[in-house]
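Both complexes below contain chain A, partnered by chain B and then by chain C.
Moving on, here comes the complex of A and B:
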């Protein structure tokens, strides 16, 4: 596969420590486009070996607006179904530029290990320096070991190591959209983390046409409904939840976008310093990046102050546990004090009601955000929007804000980039196949 | 291909400038100096020789030169760095070897430090060369007292009671003179990074003079002083000596972003090797037992790739550090680490893409071992810079290792390229 691809898939067997590189078959791309179209195909190919498949969309890491998405495809310990979790911030981008479009991680290691994926090289390394550490310390350690602070780290914390049902694969220091308990799978495989970094280049078949189209799309997107909005705190009211803007406002320090995404879906709050501080922070890490709207809402519904809610989100991320599950199970158990909630992380058990029903993470709200898409926006509409985003590598929350980033436009970009002649019919078929 | 067609090919693609059949089997043995004092710009010569299809390339340091390594060579390329360290390394004996090499018909191409080296000088070590009787305009004795004080340490190099100073960096506009043309043009833009500006002398034939500046010229002093120092003076010159010639370049004509300059260098090498064809026989001197191929080779290449990647990732963020290290008389910035590693990295990908590959096992193993050492040192240096703001103790060793790794790797690389050519039937 020559265009928009690193042309490599790594098959990593943790049981034998054997790593095999494969080329990305162009026929497979013609048939399955990319992203979950191919992670599902790879999952099915290796399903007897309990694989975790990491992948990128066809447009991930390009100039296409919101092309930030990578994904994990695996069988969820929570639902028993093969599901997809989003990798946002810079993790999807870095996976693509690490020299592999897809990683298939199969088998289980006898001792804790981590993967170092860099410039087309996949290494399995002893995790003795990070096993037992929380997500933050693990990220710090691995960046220190490899000597670069731009390394993207998909890590589990103590929740994953102890194989909690609600263990989450976190991105660097922050929560991810893993609401499927994939952290438990990492822990079961004795896989502490996957570190990603690379400086690959992507070839584009028609660079001028591709860039022109991307620029036009970006101009259109900048003039739409979300143009005057920013941050995760804008989202709840837009999806019919309570307005949390005033509640959170005193803590807000800044807003942060995922790679090349026109709307900043993440909000950085200061917990240990005044967010209005203008000089350089004196604390090593004075705050927390909120990346999961439902975790925040869950703690607010427990009646916590914004500061307590955000501090708990931070503790969840350090421990590597899904904040949504923590909030829901705390509600059920009548726990409302931050300390007792934090103490419940270890050994947290219970059945969740707000569990995702489909294959895509319920981290993305179930309805349009800010925008008017016209027609019905039911569960089927949402599932299709998510499928398209996960196939092309588009930020799945941004996909709910931007009717302008239509299937036709994405297909057009994919064709400018690869010349493979994708059509709506092919996309329909891929969506049907991954929904089976 | 004509030169014009070659340039078009170079501009429009990454294809070699010439067809492979154009230089089979005659390929002039070319030496690139990588010894004491050589900085990173010799890597640019590697790039253009590879693009131009000159694969009979050898890497020589001062010890090689003293051991008669110049004898089989037709051309010696001496790029930028620390002129004093080069002169000191070669010494009187090295100077004699170099003189003999040129006198018997060798072609010496010196850019920047390599251009200063053969110029007349009274300074220790340098005074053993004095091949060319020419004076430079960028020396402090030609400055007024206020002008002397306008220089900072990075823009000058100590030269006894005086100092050699530099007025601009990056692009300068040159006028080709005495009928010379670069890529068919009478004016050419070239990058200047501290190379000499020479005053007229009967001992040299000017090839190009400094004519002006461009939007990309970075002025290190006031424009008036820059003009006074450079404009109208000689940027490129030729001198004949015995049966051979010296071409000296103030600006770096070998810089990869300046294809017209690269073409001029190519033309010189082609022209000057006429009459001295060198039949490049299959090199059978190498111990066949020491060759590696197949899966074992791929594994070893992967080991090398792993270490190169680790280093380039570590080094990638270092260009943000505002530090530089004085090694000898030359300042090295952190981004030069990436220049070495990325040049090797790019050619590594070429080797990886070759279906049938066989290389010298010992040399490749040495590359792997040195690259491991480099990774370790870069990590320590980076961490020391973060903690203490600087790190100098390891940098000399690091840059020495980077040079050794690169020259070992390119030795191996060009051998592969030569073997490939020689395995092709003539006419293909």
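Moving on, here comes the complex of A and C:
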């Protein structure tokens, strides 16, 4: 695969410590486009070996607006179905530029290991320096070991190591959209983390045509409904949940976008520092980046103050446990004090009602955000919006804000980038195939 | 005339960095960009936008702008940024900003910033 691709797939066998590289077959791309179209194909190919497949969309890491998305495809320990979790922030970008479009991680290691994926090389390393550490300490340790603070780290914490049903694969220090318990799969495989870094170059078939189209799309997006809004705190009211802006506002330090995403869906709050501080804090860990709206809402519904809710989100991320599950099970158990909730992380059990029904993570809200898409926006509409986003590598929450990023526009970009002649019929078939 | 960055508007999306990389390499890459968002102080939520001009390194920090003369304090400037940001140091080795002089529409970083944090000075 010559364009918009690093043309490599790594097949990593943790049981034998063998790693083999494959090229990305252009015929596979013609047939499955990319993203979950291909992670599903790879999952099916290796399904007898309980694989975890990491991948990127066809447009991930380009100038296409919101092209931030990578994904994890695996069988969810919570639902028993093959599901997809989003990799946002800079993780999708870094996976693409690490020199691999896809990673298939199969088998289980006997001892704890981590993967170091960089510049077209995949290594399995002994995890003795990080096993037993929480997510934050693990990320710090790996970055210090490699001497590079820009390494993106997909890590589990103690929840994953102890194979909790609610263990999450976190991104660096922050919660991810893994609402499927994929952290448990990492733990079961004795895989502590995947570290990503790379400096690849993605070739484009018609670079000027591609960039012109990206520019026009961005220009349209900048003029629409979300243009004067920022941050995760804007989202609840827009989806019919409680308005939390006033509640959170005193803590907000800054808003942060995922790679090349026009709307900053993440909000950094300062908990141990003045949120208005402009210069660099002298404190090592002054706050937390909120990336998951439902975790935040879940703790607010327990009656916690914004400061307590955000501090608990930080503890969840350190432990590597899904805050949404923690909030729901705390509610059921009548636990409302931060200390008792934190104590319950270890050994947390129970059935969740607030669980994804489809294949895509319920981290993305179930309805349009700020935007009017016209027509009916039912569960089927949402599944298709998510499928398209996960195929092309578009931020799945931003996809719910931007009717302008239509299927036609994304297909057009994919064709300008690759010349592979994608059509809406091919996209329909990919979506039908991954929905089986 | 040069690029001006308002770091208070910046949301660290790196679109400017990728646009600049495209201008240099005619493909998508970050290795040659002369503008970059420093992301090394992630836990502190502290970032700046650094631009390499012909003679200066312009560091747009939230608390204010700093301009350092390359050469006179070049090593110091590189070292300061690279303490926690591995990609900052090679910035000094990259080509300086040419304001996308071969492009009719002007600098690409400006056109791709989604929050209008970049303008022409």
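A few notes on this one:
By our rule, the second predicted complex is superposed on the first by the 435 of 436 C-alpha atoms of A that agree within 3 Å, B and C clash if a C-alpha of one lies under 4 Å from a C-alpha of the other, contacts with A are read in each partner's own complex, and residues count from 1 in each chain.
As a convention for this text, a contact is a pair of C-beta atoms (placed from the backbone, for glycine too) under 8 Å apart; a residue touches a chain by one contact, two chains touch by 3 or more.
In this text the structure is predicted, and so the values were computed from the model without any measurement.
Contact with neither chain B nor chain C is seen for A:351 once the two complexes are overlaid on the shared chain.
Touch counts on chain A: comparing chain C and chain B, the chain ahead is C. In the superposition on chain A, A:119 makes contact with chain B only, while chain C stays out of contact range. After overlaying the two complexes on the shared chain, residue contacts for A:199 are found with chain B and with chain C alike. Contact with both chain B and chain C is seen for A:147 once the two complexes are overlaid on the shared chain. After overlaying the two complexes on the shared chain, residue contacts for A:264 are found with chain C alone; chain B is out of touch.
Contact with neither chain B nor chain C is seen for A:249 once the two complexes are overlaid on the shared chain. Within the superposed three-chain model, A:333 lies out of touch with both chain B and chain C [touch as defined at top]. In the three-chain superposition model, chain A touches both chain B and chain C at residues 147-150, 199.
Contacts from chain A toward chain B in the complex involve residues 118-121, 123, 144, 146-151, 197-199.
Across the interface of their complex, chain A is touched by residues 302, 305-306, 308-310, 312-314, 316-317, 378-379, 382-383 of chain B. Contacts from chain C toward chain A in the complex involve residues 8, 11-15, 18-19, 22, 25-31, 39-46, 61-63, 84-87, 108, 111-112, 114-116.
Looking at the complex, you find that chain A touches chain C at residues 4, 61-63, 65, 90, 93, 97, 136, 147-150, 172-173, 199-204, 207, 211, 214-215, 218, 221-222, 230, 253-264, 268, 270, 278-281, 283-287, 289.
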